[in-house]
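Chain naming follows the written order as A, B, C, D and E, and within any one chain the residues start at number 1.
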Amino acid sequence: MSVRDDIAARMPGGDAGLILAVLATAYLLYVLAGVVLGYDLRGQLNSLATLTFYIGVFAMLSLALNLHWGYTGLFNIGIVGFMAVGVYVMALVSKPTFVAGGAAQVGGLGLPLWVGIIAGMVAAAVLGFVVALPALRLRADYLAIVTIAMSEIVRFSFLSGDLQQFQLFGSKVGFGGGSGLILDFVPPLEALFQSVGLWGVYLGFVDATKVIVPTNPKPVVDGLVYGLLLLTFVTVFFWLLKRTGESPFGRVLKAIREDEDVANALGKDTDRFKIKSFMLGCALMGLAGILWLMPQGAVTPNFFRPRVTFFVWIALIIGGAGSNTGSVLGGATFAALLYQGPRYFQNLVTTVLPNLDSPPGFGQAIGPLISQLDPVPFLLYTIDSIRQLQLVVMGLVLIWLMHNRPEGLLGHRKETASVISLSRPKAAAAATDGGSADGDVQTDGGVDVADNNGGVDDE
Amino acid sequence: IGGGGGGGGPDGLVVIGYPESGIQLFRDYYSASDGSEEILVPDGLRSGSMPGQVGNDMENVTGTAPAAGGPNQETFNQLFQDEYGAAPGVFTSQCYDSVAVQLLANAAAGENSGPAVKDQMRRMANPGGMTVGPDNLIEGMEAAANGDDISYEGASSSVNFDEKGDPAEAAYSIWEFDAENNATTGVDKQSFAGENPDGAGPMADSGPGGSDREISVGILLPETGDLAAVGQPMIQAAQIPVKQVNEANPAGISVNAQIEDTQTSPDAGVSAAQSLVSAGVPSVCGSASSGVNVPVSQQAFIPNEVVGCSPSSTALSVSNLEDNDFIFRTAPSDFLQGRVMAQVMAERLEVSTVSTLFVNNDYGQQLSERFSNVFSDQFDGEVYNQVAFNIGESSYSSVIETALSGPDN
Amino acid sequence: MSVDANRNATSGAGIEDRSDVLLRVRGLDAGYGDLQILTDVDMDVFDGEYVTIVGPNGAGKSTTMKSVFGLTALMGGDIQFKDEDITGRKPENIIHVGVGYVPQNDNIFSALTVEENLEMGAYILDDVPQDAIRAVYDRFPILEERKHQKAGTMSGGQQQMLAMGRALMLDPDLLLLDEPSAGLAPDLVEEMFDKIDEINEAGTAILMVEQNAKEALRRCDRGYVLANGQNRYMDTGTALLEDEQVRQDFLGG
Amino acid sequence: MGIAETYSRGREFAIERPFALVLGVIAAYLLGDLLLGLATGQTQFADIGSLAWDGLMRGLVIGLAGIGLSMTYSILNFANFSHGDYITAGAFSGWSTTYLLAGLGRADIGALMLVGAGGSVYGGTLGIGMLSTPLAVIAGIVVAGGFTILLSLAVDRTIFKPIRDEGGITLLITSIGVAFALRYLMQFVFGSDVRGTTAQPPSVGLYLVDGTVFIDAHDITLLVIASGLMLGVHLLLQRTKLGKAMRAMADNEDLARITGIPTERVVRSTWIIGGGLTGIAGYMFILWKGTLGFNDGWLLLLLIFAAVILGGIGSIYGAITGGLVIGLTASMSVLWIPSAFARAAAFVVMIVILLVKPSGLFSGRSTA
Amino acid sequence: MSDASQPVDDVATKVDEGALGSFASGVQTTEEYPLRVEGLRKSFGGITAVDGATFQVESGSLTGLIGPNGAGKSTTFNLITGMIKPDAGTVTFNGEDITGLDPHEVANRGMVRTFQIARELSEMTVLENMMLAPQRQRGEELWRSVLPGVRNDVREQEEELLERVWEVLDFFDIDHIAEEYAGNLSGGQRKLLEMARALLTDPDMLLLDEPFAGVNPTLEKKLLEHIHELREQGYTFLLVEHDMDLIMNNCEHVIVLHQGRVLTEGTPDDIRSNEEVIEAYLGGNV
């Protein structure tokens, strides 16, 4: 029986090819939609930047979740809690100090952005530790409920008036309560390029793009560059998690997922492994949260409702838990089709068929269908409500996947938890050349054991 | 105090919120109290359906709201009535004004470009030139397309923008619920003229104008979510000027209005705004709640140089945005409403001890804060508790209990 | 009498003609999901007979048992019990025709008490037969001592006894036992085999899988050797015990 | 010390003692704080009374809905995240009926059936209430139960049954899908607005030392119906074989089938009992609080989970007790902490119980 | 925490110590009695499963632990290996008090157990199961597995481990199912995997809980031979088993547990003729 059966095997270029193909399809669809919607070049670029942005954040989040669930079997449905802590702590550290009269109600410590980002990740990891310590002893479904409860506690805390503002190191800081925080620090891209001394170069580049986007090209370029930045982060996440999984460390995680007592009896300090894995995942979720909200200009606690967590789960399940490639694909597919898709669909319909007068309520929509078998008002109403139905669609997709393809798009893929291929070494084991470490990124795990009897070094 | 019985609680309550959670809140209030407190609510709760939904006449409730106090209020009311067969709700006139000024500015600018529209906003709204209102919007459009200077006199106010993009003058109506007719009735009105009632701030000296073109405008208001009840009539109102222009086609101008839903949620609002930006609209009427308006302005409007003109976002923080002058609003800042409320509470309702219950967002926090400051500093009142409540809870008994109890609990 | 390794297991002893057949399995192909484990397995149990299946680990012995009880994916063949076709029937229905089954693993309700476990054994009856419980307690006194203990906290051997007891509650015509002596102390192994003899003598036919092959073959009427999901040998117990090839390959010499 | 002597095994033992100590100290502190408040007049008896009553009412709803969740949790072995939306579905179906009966001839039928979507009819205007329109309310209760039974059977049949063997987590994830689909379908049909459903019910003020506690007709209705149903379920499971079959199935499904338990029928009975109670709980919840929105059940779900886990999964007494504890915590915590943390407090209680006694208060004492 | 965090490099260095005996990486037992159990007591609710058991196991011996069902054998194993914590009593291993340590700490000190009911890691292949076992793998430190450069060390070690794994698989005759998921193995195969995996941890002492229950006799014989071989190299075995012939023919020392207490101990012959044992356990049929 083969350990793998998946689409990537039939795909030129393997996993990378598959990811590229999916991305290309998504972009093509969006460009086409833009054409129909009559977007000018600027609009097209904007829409692609937005798409890239969401692909990036969902891919990162589902990669991080894959570490928890796919590798370690930790059923974390408190993702938003870790994202929230990441962003909020980052804001607290990096927002400029308070000056009266500005739009911001409270200030921050005014430290550089990168300090804030690290602080945010550390805070998310620490929260992970706090949750993990007691909760890791619990059954998977209990852990689920504890984590989701924790994420709600985090949200309530940021909402509460008691943390709205306080003094820290002599500055007036706080979490802003229900109003949230205005993220009035240096924009992230500016901070990034300034820190490497390329800000001038970047501005020059932006100026040069005036050829394509004549007026005010900066937000467009910013959006695209930020999107690329996110994709870079996705690559880094991917690389990190793939290495984590394909290693003795990952092997222990896998064993924990299967039967913790056995791993423990074999001498593995399972609690430590679980805590490490959990904290790493939480830090990555914190980072993903930061990258998602950092450029948004403001953050409010109610963004961090549990449904965002479920979005990430849907993304992961679409791609296939246990597989990093799957996580990226799932994130991209989710972002393009389920998250952003319905808006475009609705706009397309209203553009193609303008002046449709959809009925104001379900009653008026369903009435004609019942009394005169006239489906038109109902259809119009349905299209008009596509944004609410978006979540219905997500639910149905999830159900469908669990029924028909619980292993996700990529098929039943079990990435072998080992640095090397586990095939039987040749009697005179081929001298190992050590392999180039960078090669790791491209092959996605467990090259079919049976097909690879020849070499120990598959990388 | 377990409801009205014993002493120790405040004599008055200020409730700042939106209808969706307000229904539950008032229900819980009426089942925990005998209704002896004087209650004052601001604009957010001005919805005629409240008594019906709460199942109580709500006779102890008085309200304030930015008035439709403009010179052309009647005309607008008639327009709305004709179009939708219903009385206009709160902030509808501000919506009309917001869209109307944007259309004029766009016609004057002669191109669908944010910066160009921005430069024309004050030129169209503030005094000087032909006086235009809802009744002669068509002529106004022709004139604007012709490059003429215009002074828009709106339904909600005279619509003169000050240097922050806020209305330079404001009027507030004092209203009560009319349970019989599922409506609210204004019982009084109070006007403020700012330091520069005629407005101030930078504007273009002239407008190129231009005919036979299509004007784009975005409408970004809550169709669903916590402000759905208020938002839906606002969307209707915002569409009236668009229809007017499209029917008459002044100077060959037609309008393409794109409507997006903020779902009363910042993140959904930002995505919706992004999609408007992608579609290339130069200006947007929105968004409604301050909690959404601030992030949307910062993330979508300001960097992309799109004009945002909110009809109802009243929080103080909106004035202070670093906006390169792209953010306007036709609703006055709660800086004023807080004052009006304090005055009504102290003088009209003759209450000297109050607690406030406010929705936990920009709007609620800032208005409660402002009210409390004015009430205690200028009217010698005492504010026992300022209690925040979160939207969408299934029971508010405990917050009400806190609000109704003695000082500082 | 020695048995030819290639001979079809069922062709001997005139088995096809006997009329008192209780369980008849023909051409059984079965497995899990898409994975086929058994190929063309034939097996008979006659009224009151005592049949043992032996074979290496992974041969498919348990799978055969499970297939009779409707717990695997059937891919072919048919199963008859008392002239009734029970192929593909659901387990909860098979118990009604008079078959009892003690699985190899997971054979007790661990969260229920000992007594409740026994009561569950007679679930399909309207009332709990107190005499049946009594009889089980008489056979396994430790169960009575522990009747209010959670079954899951009993020792491995105690659990095995409980599982047997549970299956006896309905006084079945055919009892399927999957390694009943595994994990039992020697006195109990002996006792268990004696009990099985007793049960058998009282008229219940037995189909049993055992790794304690020598003992099992010694006691049974007939034995099957299964390997790689196929019938290899079939003969009387003693004949199999004496067969050099069988001893060498399957009984550890 | 406040913590009952419980026998402990293995690891739990090590953490139980210090925890119990800390908990005891905290409890003593809270009690002291409360007494001090009462003594100085900061806190009033009537406050405590109304909060406790409020908590009791909430607890009954949570407990009633929790029974169903607890049963399916233990028998089908998964945490059903769509349970909250069954509550909402029950509420909408029941209230649609109530509106129809109470408002027939006084308003548009469509508006009534959609429970006044978009503010087309107000429950207050129709004068709905247990005393004013008793028939409409009772019919609503019946329909709420019946509809939710049908719904849960249908969902089980089409969605859960085919993947029943896949394990708890698969089912859990699937149930999240069901929850999304169901919730937003209801939003699609009934709109997203929160509507008031009842006229203000008559109430009596009970004078308590220093103030009044108001108790209204709907509180009493809830009390009577919830306790009646709880008793009913108790008798049903105690007097029939069903209870035992459920426990056997919860324990080892394969073996249950081998012993002849008609597992599918047991599953169906589980959904019928659980669904019925859940639907009625949904209806009563709305009757009690007086408003209805498409999110109501979902918002309640986490509290229900807290209650069920607190009580011990599979135990109906656990669900009821857990419900009361969670309800009271959520309401009464404001005596000590800011009201923004009321829900958080309930979750904290749940987490603490999970640490001290992971199997819940009533572990092992399952359905009957 | 434990010394697991300091990767010890000797794990794979002793790979080629000869064909079958290759599990040895040098048994370090210096004590005469590596395992001493004193006054061990554990009760569950009302039942005292282990009630003051006291015994010791001689270095390099194959010691049998027998007793009626419910005598407390598995519980004793659980107590020794830290799966559950005793109410009273001490466990000493290689001179160190290990009472109440966590299972992994016990395993790290060189004492590994198998489970009476085999517990395999079902969704891992047999190979992965095996690769998991060796102690103190360098790559179990996250940073080593992730950082470029350092990872080559990890790779080298993996390669060495893999060779050993295949040897052991060959020996246990489960090499043909090496790439199968462990969950798909038969009852007996699982037991083999379990024992093979335990041996790979390279312990000083192995506690085997009924390792042969359900194992085919032919294979059983082979395994026993190997256990003897290992024993000669200095490994110590404590074996729970009900098959008296097996115990009598293979163990040099037998401990009889009864109602949580040591009833008697001695050579197989002593035991065989002990009245009490016959009474309590053997039922007169030996």
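Throughout what follows, a residue touches a chain if its C-beta (ideal position, glycine included) is under 8 Å from a C-beta of that chain, and two chains touch if they have at least 3 such contacts.
Heads up on the chains, UniProt names are C = ABC transporter; D = Putative branched-chain amino acids ABC transporter permease; E = Probable branched-chain amino acid transport ATP-binding protein LivG.
From a predicted model like this one, the values you see are computed outputs, not experimental measurements.
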Interchain contact steps from subunit A to subunit C (ABC transporter) (minimum; 1 if touching): 2
Least hop count linking subunit A to subunit E through chains in contact: 1
Third chains touching both subunit D and subunit B: A
Comparison of C-D and A-D (more C-beta pairs in contact): A-D
Between subunit B and subunit A, distance of the C-alpha-averaged centres to the nearest whole Å: 36
Chain centre separation in whole Å, for subunit C (ABC transporter) relative to subunit B (CA means): 80
Computed distance of Cα centres, subunit E from subunit C (ABC transporter), in Å: 31
Inter-centroid spacing, subunit E versus subunit D (mean Cα positions, whole Å): 49
Two or more partner chains touched - positions in subunit C (ABC transporter): 35
Overlap residues in subunit A, where contacts from two or more other chains coincide: 1, 156, 159-161, 388
Multi-chain contact sites of subunit D, meaning residues that touch two or more partners: 11, 192, 340, 343
Subunit E to subunit A touching residues, read off their complex: 1-2, 4, 81, 83, 102-105, 107-108, 112-113, 115, 119-125, 127-129, 131-133, 135, 137-142, 145-146, 148-149, 151-152, 154-156, 158-159, 162-163, 165-166, 175, 178-181, 184, 197-198, 201
Residues of subunit B that touch subunit A when the two form their complex: 113-115, 224, 261, 263, 265-267, 270-272, 274-275, 277-280, 291, 294-295, 297-299, 303-305, 315, 317-322, 359-362, 364-366, 386, 388, 390-391
In the complex, subunit A residues that touch subunit B: 34, 37-40, 42-44, 46-47, 50, 101-105, 156, 159-161, 164, 177-180, 182-184, 215-216, 218-219, 222, 295-300, 302-303, 340, 343, 347, 387-388
Contact set on subunit A toward subunit D in their complex: 75, 134-135, 137-142, 144-146, 148-150, 152-153, 156-157, 159-162, 310, 313, 317, 360-364, 366-367, 382, 385, 388-392, 394-399, 402-403, 406
Sites on subunit A touched by subunit E in the complex: 1, 3, 240, 243-244, 247-252, 254-255, 257-259, 261-270, 272-273, 276, 280, 414, 416-420, 422, 424-425, 429, 432, 434-435, 437-438, 449-450, 456-457
